[in-house]
Amino acid sequence: MTTPTNAAVRTDTVWKIFEHDGITVEAVRGVTVRIEPGEFVVLAGPSGSGKTTLLNLFGGLTRPSRGRVWIDEQDITDMSERQLARLRLERLGFVFQAYNLLPVLTALENAEFSLLLQGVDEEERQRRVSALFEKIGIAGLEDRRPGKLSGGQQQRVAVARAVVSEPALVLADEPTANLDSASSDALLDVMVRLNADLGTTFVFATHDTRLMERAKRLIRLVDGAIASDHRR
Amino acid sequence: MQRLRLIVRLALRNVRRQARRSALTAAAMVVGLALLVMSRSLADGAHDEWIEAGVRLGSGHLAFQAPEFRARHAIEEHLSAADRAAVEAALADTVIAPHLKAVAPRLEITALASAAAAAVPVTVVGVDPAREPAFSEMDQRIVEGRYLEPHDHLQGFVGVELAQRLRLRLGDRLVLTAAGPDGAITDQLVRVVGTFRTAIPEVDQSLIHIPLATAQAWLGVDSGVTTIAVLLDASWNADRFTRRLQEALAPHADRIAVLSWRAASPELDAAVRMDDYGDYVFHGILFIIIALAIVNTVLMSVLYRTREFGVVRALGLRKRDTALLVLTEGLILTGISGLVGVLLGLAVTWGFFHDGFDLTAFMGDQMTAAGAVIDPVFIPQFRVVQLIQSAVSVAIVGLVASLYPAWRATRIDMAEAMKFEA
Amino acid sequence: MAAGPWWRIGWRNLGRNRRRTILTATGLAFGYWAVVVIAGMADGIVADMVRTATGILSGQIQAHAPAYLPDRTLYETIGGNEGTDVPALLAAIEREPGVLGAAPRVYAGGLVSSGATTVGVLLVGADPAREDSVSRLTAALVEGHLPAPGTRELLIGSELARQLNVRVGTELVVVAPAADGSLANDLFTVAGLYRTGIAELDGSYAVGPLDAIQALLVLDPGRVHEIAIRIADPWTAPAIADSLGTRGVTPAGVPVAFRPWTTFRPELVDYANLSAGSMWIVVVIVFLMAIFGVANTLLMTTFERRREFALLLALGATPRGIVRAVLAEAAALGILSIVLGVVITVPVLIWWHYDPIDLGRLFGDFTMAGALVRPVLRTDYPVTMFFYAAGALLLTALLAALYPAFRATRVPPADTLAGR
Amino acid sequence: MRHLCIAVLLALASPLHAQRTAREIVDHVDRLLRGNSSRGEITMEVVTAHWQRSMTLAVWSLGTEYALIRIDAPPKDAGTATLKSGTEIWNYLPRVDRVIKLPSSLMGQAWMGSHFTNDDLVKESRIIEDYEIAIGFDGMRDGVRVWEFVLTPKPEAAVIWGRITEEVRQDDMMPTWARYYDERGDLVREITFSEYQRMGGRLVPAVMTVVPTDKPNERTVIRYVRLAFDVGLEPSFFSLRRLRSGAE
């Protein structure tokens, strides 16, 4: 699967060391990994294995203690907050475990958030969000507040928000953790389809085995280091 | 631009979503601001009353005198008919004229008052009975008898303590002895037509009002006066009008001096300014408390929503944007409660106190301060400038109080967004 | 049920969100600070006014012959025409607890003249050494020196000096009707000038040594009109005057009337009452504001802890118990705030007592209710306000907790536990 | 009231026609009491509740405009002098060798501790201009035929009294007393005249006693020891230099 193109995200011996009240935790220990555009990758491992931290490092949400991180061959390790914000806006999408929709915005408004920030005009935003909602099966819920949506619906809106601006890389942390099996299957279907249709790179951190089964590449982490890396 | 609109929209929605908390913060600010408006309008009212009480018994908000009169207090330092005409012309100024409440010409002299019982030094003021009541309101301080009337000639309106000391009753005769401009001592008879009490001992012991024409004839100064005292509609106009009149009368500066009440009653000026300072301190404290309430609420709402801030940051908002979001929320809250607070303050002040805020319980019927008798019932004064000041101050307080929470919001770890439980 | 567990829960809950607790407590403590410091300043201003009003000349208690007032005739000296043993009377007065000093004086209306100018004045004969412990006249000296006993020297006000156009060292003619009916007249030298800022004092008083003025007025050394008394705490003046009057400090058969300043300066009492009255307005306003801040915080903590309250209810706690927990938390917060408030207030009070804020440059001196006020905001120790404000603060915290406490009991247990 | 001056300027009463009007009689008495110029020696005894003293005074006068009074005894006050010139009063104080002009605010004070005020010295006599005069009584009192005149101030007259009554003996036109009332009719002070004798060629009451009604135990008694009229004084005599030098 090697391609001549740039890696969607790659790291070079990144470490992330947390210090809390004098206790040092090495959450990520010298991980070197390269994820190509269009991959559908699952980071798996038990709690505390460093999945979320690695995902945060990929997304520039956390800065590495050592090592470097590149997104689309741009070194983000020392990027300013401003550059990072811009990069996240244009290249990245996030799906969180607890949906994390903005409670004060409607489903539509949540989904179009990045487009708004990118300055896309209203008509275009409407069009793209509607199409997307249609695609992922939540059409008609545009005007509902998150509080009026089920968990599965909320997470779909979250996915829509993550992919609506067609980012190169979507990072998702336990997106199915709060969903029943039907909802999570449906959500996974959506994401697989998006991966296939748009070529969006997905990186998941999860210990949901169903999600692992769907992965095209499964990276297992143990104690902050890569224990195995399989492509299917 | 779109980003800004988004932020404003988010802020608006946030304020609305946290209705209860917003309401509480707003309530704190509304109450604070209402109190501020109330306290300021009452303080302004009290001050204006204080100043007015002082200047009514003194030489007005502004006064025209011969330049040396204030220092020498001698009758030869009087304004001639020509000077008076110049003053009248200056007061006809279109800017000033609408603000004139009363203009009182006066001839003031120290004299000896003798009655059968005794003789004491007094201050005699020749006044225009038609114009003076609107000015010094002596007609409202009558103990017995009446005030001077336009056709009075030999009537005298006498301080009650002076009358007691000279054992005078209504109708009794009183001989005033003083030196005219030429130094010759002359006598004038007046009869007590009324007695008054201002509650200022020095005044009640030594002041006599007599008709201006009588005083002028007695002292031989034709239509001369020592002072033309002017009462304005509001004391805060005094300074700028004084400057304007000084400019207008500059050609006559060697004969006519224009004094504002600040110059004429420096004690009153200092006392009022001191009291103002006390009010500033008090209002400052109110503001700080309001600010603390805002900091508290806004900061709480920031800390409460760490995950939310993490999310919007992960979605591409810059630190600056999140700070702006918090500031906007603070401003919206401040703006709304500011408006409500000012209105409430006005309403309450108007509703409860337009007849006056009664401090009689603390002060007794009246008290004297810096040469003025203060009625302990304060009539609130509303001033647009003052309201704008209050509102702007509150907006600034709101903004400043939101700074720390805003800064805190930028410090939020985006990884928080990834965690399930905040 | 013992208050114990609720107190513990309340106290510990405060520790759960330290930042918020500190913020709220700081707000309350600041309110406390503001109230106490404002009260301290107001007390200080009143005390200062009383001190200056009574301190410049009059003293806080005056002793006269009963008939001396109101006419102040020359002949109504203490003890009548025979006079009295002044040193013994002074000593007896000074033995009274609370009395700091006593000074004898004679007064007479007279004229002072220099060149062509003659001005009517009140001549005062005083003992400069004793005046120091009673009045500020000697402290108000701006030029020259105090008149020495036995000399014909005068201390006059700066305004009088201006009217007479004289300086230190100039000779003045002093004329006054004497006690023997003659027209007393003599030359006095201006020894010093004083300035009190009170126009009347500065413009119409001339102070000479007691013996010289007595000699001028043909009064025996035992004849004085007034003994001015300074006491430590002006507010004890009525009690001390009463005590002096009833204890019989005067030699046998010499009737003396002691009057406290509260009777001869009633307007100062008015002002003090007004000042105390407005303090209550400040207290109410400040704590009214504070109520909202505290209610806000407590409401938020109770919302955050819905689950916990639901759990407590599910475990069988009564709603009243929940209310108690919230109130206990508020009380704990109040007490914490009082401690914090006292900690930030006391040093400031002490600081501003010894090194007061001086607004003199902004305002200059002025008089209010007949007293000279130096715009120096020296704080006094408002002892009662210290406790009242603490009480008000605690009350504020508890009042603010009522609504949140009520809300806390309204948590629907099942829903909350289900995670909604 | 300027009764000190009246006394100082006391003049001889000349024979009168009984049928004169009240106004004319009072005017006459008033004029008689003022010579053109005079020079006299007076003792003044003042008794108050607190002290009593006696002074010897030398007096010069010219009309109502000018008067000079010098204290000759007691020695302590000797040389102290008062000059009245028009409406001004000057005092000379030998002890300090200074002349002091009395400020107008102090005109109400007692002159030399007596029951006269400085103002009494200054005020010009305008009795007939200032008062309406009527005969209140005409007949015998204590065996003497007298008039009692009632002087009521004219509406605009600058005088302090509400009423003055004055008793004059009809046969020699000598005043016996004058009583001063306030407007309520309360007696304020009384002047009694006695010891009528010839001085400077005229019959005058040599003793004049002033008693303030509210202090009945106090009095000022003026006794003329020597008196000469028309002594030829000029206004220039009444100068500050003369005041200082003692007038001799």
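In order of appearance the chains are A, B, C and D, and numbering begins at 1 in each one.
We take it that a residue touches a chain if its C-beta (ideal position, glycine included) is under 8 Å from a C-beta of that chain, and two chains touch if they have at least 3 such contacts.
Everything numeric here is computed off the predicted structure, so don't read it as measured data.
Asks: With chain B excluded and the rest untouched, write the groups of chains still joined, or say one piece.
Replies: The remaining chains, counted without chain B, group as follows: A | C, D.
Asks: Measuring from CA centroids, which chain ends up nearest the centre of the complete protein set?
Replies: If one averages C-alpha positions chain by chain, the most central is B.
Asks: Suppose chain centres are the mean of their C-alpha atoms. Which chain sits farthest from chain B?
Replies: Comparing chain centres, A lies farthest from chain B.
Asks: Using mean C-alpha positions as chain centres, tell me how far chain C is from chain D in Å, no decimals.
Replies: Computed value for the inter-centroid distance: 57 Å.
Asks: Provide the C-alpha centroid distance between chain A and chain B, rounded to the nearest whole angstrom.
Replies: 66
Asks: Counting only Cα atoms for the centres, state how far chain B is from chain C in Å.
Replies: The separation of the two C-alpha centroids amounts to 26 Å.
Asks: For chain C, give me the residues that contact two or more of the other chains.
Replies: Answer for chain C, listing residues that touch two or more other chains: 120.
Asks: Counting only residues that touch at least 2 other chains, which ones in chain B make the list?
Replies: 121
Asks: Please list each pair of chains that are touching.
Replies: Chain-chain contacts present: A-B, B-C, B-D, C-D.
Asks: Under the definition above, what is the set of chain B residues touching chain A in their complex?
Replies: Checking each residue of chain B against chain A gives 2-3, 6, 10, 13-14, 16-17, 307-308, 310-319, 413-415, 417-420.
Asks: Report the residues of chain D in contact with chain B in the complex, numbered from low to high.
Replies: Going by the criterion above, the answer is residues 86-88, 104-108, 117, 119, 122-123, 153, 155-162, 180-184, 188.
Asks: Taking the touch rule as given, give the residues of chain B at its contact with chain D in the complex, in rising order.
Replies: These residues of chain B touch chain D: 110-112, 114-121, 154, 167, 169, 171-179, 184-189.
Asks: How about chain D: which of its residues touch chain C in the complex?
Replies: 46, 48-53, 76-77, 80, 91, 93, 95-96, 98, 100-103, 105-106, 109-110, 112-113
Asks: Which of the residues in chain C come into contact with chain B in the complex?
Replies: Counting only chain C, the residues touching chain B are 19-20, 23-24, 26-27, 30-31, 34, 38, 41, 120, 267, 270-271, 273-274, 276-278, 282, 285-286, 288-290, 292-293, 295-297, 299-300, 304, 359, 362-370, 373, 375.
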